[in-house]
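Each of the next two complexes has subunit A plus one more chain, namely subunit B in the first and subunit C in the second.
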Partner chain A sequence: MAEMVKLFVNGQEVEVESGKNLIDALEVVGIEIPHFCYHPALGADGNCRMCLVGIEDGRPPLVPACKTPVAEGLKVQLDTDKIKKIQRDVMELELINHPTDCPVCDQAGECKLQDYYMSYDHQATRMRVPQVLKGKKLDFGCGVIHDQERCVLCARCVRFTRQITKTGELGIINRSDEARVTLFPGRPLNNRYALNVVDLCPVGAMTSKDFRFKQRAWFLKRNKGICHGCSMGCNIFIDHNREKYKDDLIYRFRPRFNPEVNGYFICDKGRMSYHQENEGRLKSARIDHEDSPLVQALQTARRRIEASDKVLLLVSPNCSLEQMLAIRSLATEKGATISGYSDGCIQTGDADGYLIQDDKSANRAGLELLQIDTTYDFFKESLQRADTLVCFNNDLFFTDPDPVVAEKLKVLQTIAISTHETPFSRQAGIAIPAASYSEYAGSVINKDGVLQYFGRAVEKNVPAPEMISIARDLGATLTEPEALLHAMKRCIPALAAAESDQIPERGLKLTLSEAAHVTA
Partner chain B sequence: MEVKILSAKFDIKDAHTLAVAKEHGAYATLDAVFAMEPAAVIDQVKNSGLRGRGGAGFPAGLKWSFLPKGLNKPVYLAVNSDESEPATFKDRYILTRDPHMLIEGIIICCYAIGCHTAYIYIRGEYTTQVKALQKAIDEAYAAGYLGDDVAGKGFQLDVTVHRGAGAYVCGEETALLESVEGRKGQPRSKPPFPAVSGLYGCPTIINNVQTIASLPFIMQNGAEAYKAYGTEKSPGTHLFGISGHVAKPGLYELPLGLPLMDVINKVAGGVWKERKLKAVIPGGSSTPVLTPEEAETTTLDYESMAAHKTMFGSGGIVVLDETVDMVQLVKNLIDFYHHESCGQCTPCREGLGWMLKIVKQLLRGEGTMADIDLLVELCDNIEMKTVCVLSAACTMPVRSYLNKFRHEFVAYASDRPQGIDMNQDKD
Partner chain C sequence: MSDRSQLIFTGKPFQYDAERDAEFERLVKRYPTRESMILPALWLTQEQEGWIPAEAIAYIADRIGTFASQVYEAATFYTMYHLHPMGRNHICICRTLSCWLRGKQEIVDYLRDEIGLKPGQVSEDGKFSLEEVECLGHCGSAPVVQVNGEFHENMDVDKLKSLLAGLK
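Here is the complex of A and B:
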């Protein structure tokens, strides 16, 4: 726990954490200091002048809050006429050359200029001279579109490419009101995190080519999720909406702050992975390549499993812990073999030492925790002996299988439980659609052993069944939420020791003892 | 009235060369200086009362004493030669006519503050000056006045000339440091002040050329000799650049404290063409303007200027005769500061452009009385809300013109009260 200091805001005593600047420290206690350029990930720049606050008896009496650390006994003035006037004046100056094209601006609804205008300005324009004209809809590369006229020159995007990606594609050229953010000629944005500048931009100057003109921000429902693009487990917001006569669709992923996992940002590939939640899905069940009602497909699958001697269950490292537990209970119940082998999602050398990982699955650590064998030898051996293969969304067949495996698959009875239409689902004897991770709640463990929970975000018009309920219909015994939680607590002492049944917002860091406990 | 301290060698042929400069006493103080403790040198400069000649007038010796003690970091000296304030043309004379006086001053200062690397930041437009300066530095190196063993005293000192790229704002000391470090010249937020964390994060002293060039005289003749010139609080001499509508414009070295009108009339030959005086800009374009009445009681020192709600500034005196259109002048003034705004802070970046457009609109006869009031309000809204004082360097003088010559602005307003003619002040 950080040391606390007492200071006064508008004469009221407040207690805040030491070591922070006024903006961050007071935000925690619900006091807003308006600002454009400051961002906790990028530090204080002090150029927007929106966060100027008064310091009673202070020298100087007027300071930028972003550059002012909290101090015991500091007397901060936010509501004096002088400060209110400064905020109004700075807002007026921010807006005189702003196009105010909110009706066609994607940022509308989540724009600092709009919010602060309502809170701190609220006056008619006095600008009676022509505005400064600058570049519009400039393609900056990586799907980033820039509008120099909307820009407030806060330099967050510039600092992002310098401090975070260290690629430095962006800079501010020219002086005075001709200053603008731009690129070196012929050198567009070229990094794997570029779209973060869209979120960082406090106004509508940086927009995403992918998201532009698709949705108004205020129609979007925002749910907390975990990106399943790799084993980092970045925290995201899933922004989705069901338009009239349409299905519930995801329109974008945005990073969600978690200092224990991803900080403030996510990679562009993970951000764009929402498309896969909307597209290429397995829509209906099939028995022997003929469309079939779901119930019938499930019953047939159960009969075929029961009629088999040697069943191999192949589980995906993208499944949630709860799903893995349910599937494992199915294996126990049926005396089936269970394998978690999957190499299709490992892209060796793709990791960058920051957020992007080689392993493109979200819960491989979960497989290990539950002691589900992930070796190829075990899988191949089990497959040779098996007469039925039930594949729970495993990505094995995204890559070319071994000829021996391929040969075996032709003669084997196969059941695919799949979120997406894949080569395997197409050739499987029975194909059953399943809910994908934006459509169910669950827990995953990232590559650093952080256990994280995510809730259900999207509700499709015709929801695909969750994998746990499919497992139950196939004969699994461990499928009720309470029972699953109990099972999780048994293999994760840290969760058992936690006061609440809820996995904390920022995740639960599992220690070595967890692994040791499982092995013991 | 003129004195010859800084300008002693200005009129001597080839005084910019080491040989001639030495004949006339250059580098003669070094023996005495190196015999002293550095702290004693600082004390002597403090006692002389020498104030920074860049414009702000901060006591030089006091500035040096702000350097943190016992820090395990190098100390840097940056000599500010980015002389860009309109109407200011004093440092350029030192650079071309007597560069060795500056180099000697740098040696004295560096010895006093324990600095072994000095930078001279010179504005990019000073092409003649940079050549003369570099030639003098090369000569000083060759003669052993710079380098590993300064004047055989076992003191190491390197001097590097850094050329600016033509930005007024780089005369602001932290923007100057940014520029030396190779970045876009934009002022830094203070604190930390450069004396604590300046160039490359190290303690740095930044002094104007004229300040540093004053050191050899002070060390040679003592603090009392320097204080014999000028007033008690503004001792010494200053290079005044007098321009505008006077009979004899030029650079004059004068002790501080002389009556402004005496200097204009007796030194600079008075207002030219027998015209009437309209106003005086006392110390460069960023200083608030003085009316003839105010000019009568003003003396050329920091205190009198402050008492007249203006500033001593850089010593660039501009005399304006009765033909000057103050609205045109203000347009030129804002045009300059708007063009030179680094664009970092919102109020300066957006506000100065807006003010310029309003004045231009007024000049076209399309402005209104409300626009004049808006100009005054914008001055208040912009000033002191920014990282540096560039915006204030524009709004302070502009406000003074709007207050003291408001009728000229009103005469341009399309909705001016009846009876006010647009050209009533002109012949």
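Here is the complex of A and C:
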């Protein structure tokens, strides 16, 4: 916990964390200082002048709050007539050449210009001369579309490409009312985090080609989630909506701040991975390639498993810890072998030392914690001995070039429990659809050993069953939430020691010694 | 100030001649960071070519080791850099407050109506080019016109007429 200092805002005493600037420190206690250019990840630029405040200590009458650190006894004025006039004046200047095309602007509803107009401006325009016209719908590359007229020149996007991605594609050229954000001709946005400028943009100047004109911001339900695109476990918002007569669909992922994991940003690939949650899903159950009611498919699967001598369960490194525990209990119950072989998830050399990781699965650390073998040798050996293969959303071996594996797959009895329609689910003796990670709650451990919990976001019109309930229907014993939590606490002493049963919002960092405490 | 975002690609690769190459290497030692070379490097280009083509901006960025967008910013911010070929006589008219209040618009209108010369353009015969620029620092004797780098103070249309008559 950081040291606290007491200061006065409009004469009222408030206690805030030291070491922060006024904007960040007062935001925590619910006091808003309007600002465009300041962003905690990009630092104080001081160019927008919207955060000017008064400090009663003899310094210049107005100072930018973004560049003013909190200090004991500081007397801050936010509501004097002078400050209010400055805020109105800055807003008036910002709006002089703004097209005010909110009805067709994607940012409407989550736009700082709109919000601040309502809170701090509220005056009619005095403009009687034509506005300066600039570039519209410029394709900046990487799926970013720019509207120069809506821009307030806060330079957040420019600073992002210079400070964070260090690719520097964007710049503000010209000066005065002709100033605009642009690219050097022939050098478009070319980095794997470019779409973060859409979130950073406080107004509708930067929009996403993918999201444009799809949904109004106020219709979207925003649930907290964890990206399953790689082993980083970036925190996201899952923005989804059920339109009338349609299914609950995800329209975008946005980064969610977590200083322990991803900070303020996510990669573009993870951001776009929401498409896979909506599309290509396994919709109905099948027995021997014929559509079948789900209940019947589950019963048949259970009978076939019970009739087999040597069952191999193959669990995905994307399954939640709870699902892995349930599937492991099924293995114990049936005397089955369990493997987590999934080398196909690993794209060596793809990691960039920032957020993107080689391992494209969300919970490999969970497999390790539960001591589920992930080696190829063990998988191949178990497969050769097995007569039934039950695949829990892990069919990466399907393209295995080894002829022994390929030959075995042809004679083996197969059951695919799958979120998506895949080559394996199409070929499997029984195919059972399962809920994907936006449709269930669970816990995953990222590559740094941070245990994170995510809730259920999307509720489909016809929900696919969760992996845990499928495991229960196949004969697993450990499937009740309390029992699963208890089992997790046995594996993870830090969780057992925690006061609450809830995994903290920012995750629980597991130490190496905790991982070694594993109960098999 | 007019929009200066339009760069011209010549289609030919740019590089400094031997003299300017040596000058670049001499100047770069003067500064703590290489980014400081952006303005001198643009000057060197303008000295060599008379103006600054798009290829030169990319060349400067790559040679300094900075972003092309950053050199582009500087080149468009300062009106002293010419981003297209200029006329034989380059006229700058200050458009900042004092000069505007003291009648710079009459001079601009005269050039537009009588010579057909608009800010940011070159006259058809290539004799004149015109740019509206930000403050030239001679507010006390506004309006101010700069022709080929030379200042002419307290200007009006008549004084401009006789000034232009003396130019080739």
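Heads up, the rule we're going with is that the second predicted complex is superposed on the first by the 512 of 520 C-alpha atoms of A that agree within 3 Å, B and C clash if a C-alpha of one lies under 4 Å from a C-alpha of the other, contacts with A are read in each partner's own complex, and residues count from 1 in each chain.
In this text, a contact is a pair of C-beta atoms (placed from the backbone, for glycine too) under 8 Å apart; a residue touches a chain by one contact, two chains touch by 3 or more.
Owing to the predicted nature of the structure, the values given are computational and were not obtained by experimental measurement.
Annotation: superposed three-chain arrangement on subunit A; subunit B versus subunit C shows a clash.
Using the contact criterion defined above for the overlaid structures, shared-chain residue A:Leu78 touches neither subunit B nor subunit C, since it reaches no partner.
Applying the stated contact rule after C-alpha superposition, one finds that A:Leu314 touches neither subunit B nor subunit C.
A simple residue count on subunit A separates subunit B from subunit C, and the partner touching more is B.
Once the two complexes are laid over each other on the shared chain, residue contacts for A:Glu178 go to subunit B and to subunit C alike. After overlaying the two complexes on the shared chain, residue contacts for A:Arg187 are found with subunit C alone; subunit B is out of touch. In the superposition on chain A, contact is made by A:Arg162 with subunit C only, not with subunit B. Contacts of A:Leu170 after superposition: subunit C is touched, whereas subunit B is not reached. With chain A used to align the two structures, subunit B clashes with subunit C at 131-139, while the other stretches in 23-31, 59-67, 113-121 or 131-139 stay clear.
When the two complexes are superposed on chain A, the residues of subunit A that touch both subunit B and subunit C are 172, 174-176, 178.
Interface of subunit A with subunit B (complex): residues 44, 46-50, 52, 62, 64, 67, 86, 89-90, 92-94, 96-97, 126-130, 132, 152-153, 172, 174-179. Residue ranges on subunit A touching subunit C, taken from their complex, read 134, 158, 161-162, 167-176, 178, 180, 182-187. Across the complex, subunit A is touched by residues 1-5, 7, 9, 54, 57-58, 61, 66-73, 76-77, 134 of subunit C.
Within the complex, the subunit B residues that touch subunit A are 167, 169, 184, 189, 338-354, 357-358, 360-361, 371, 374, 381-382, 384-387.
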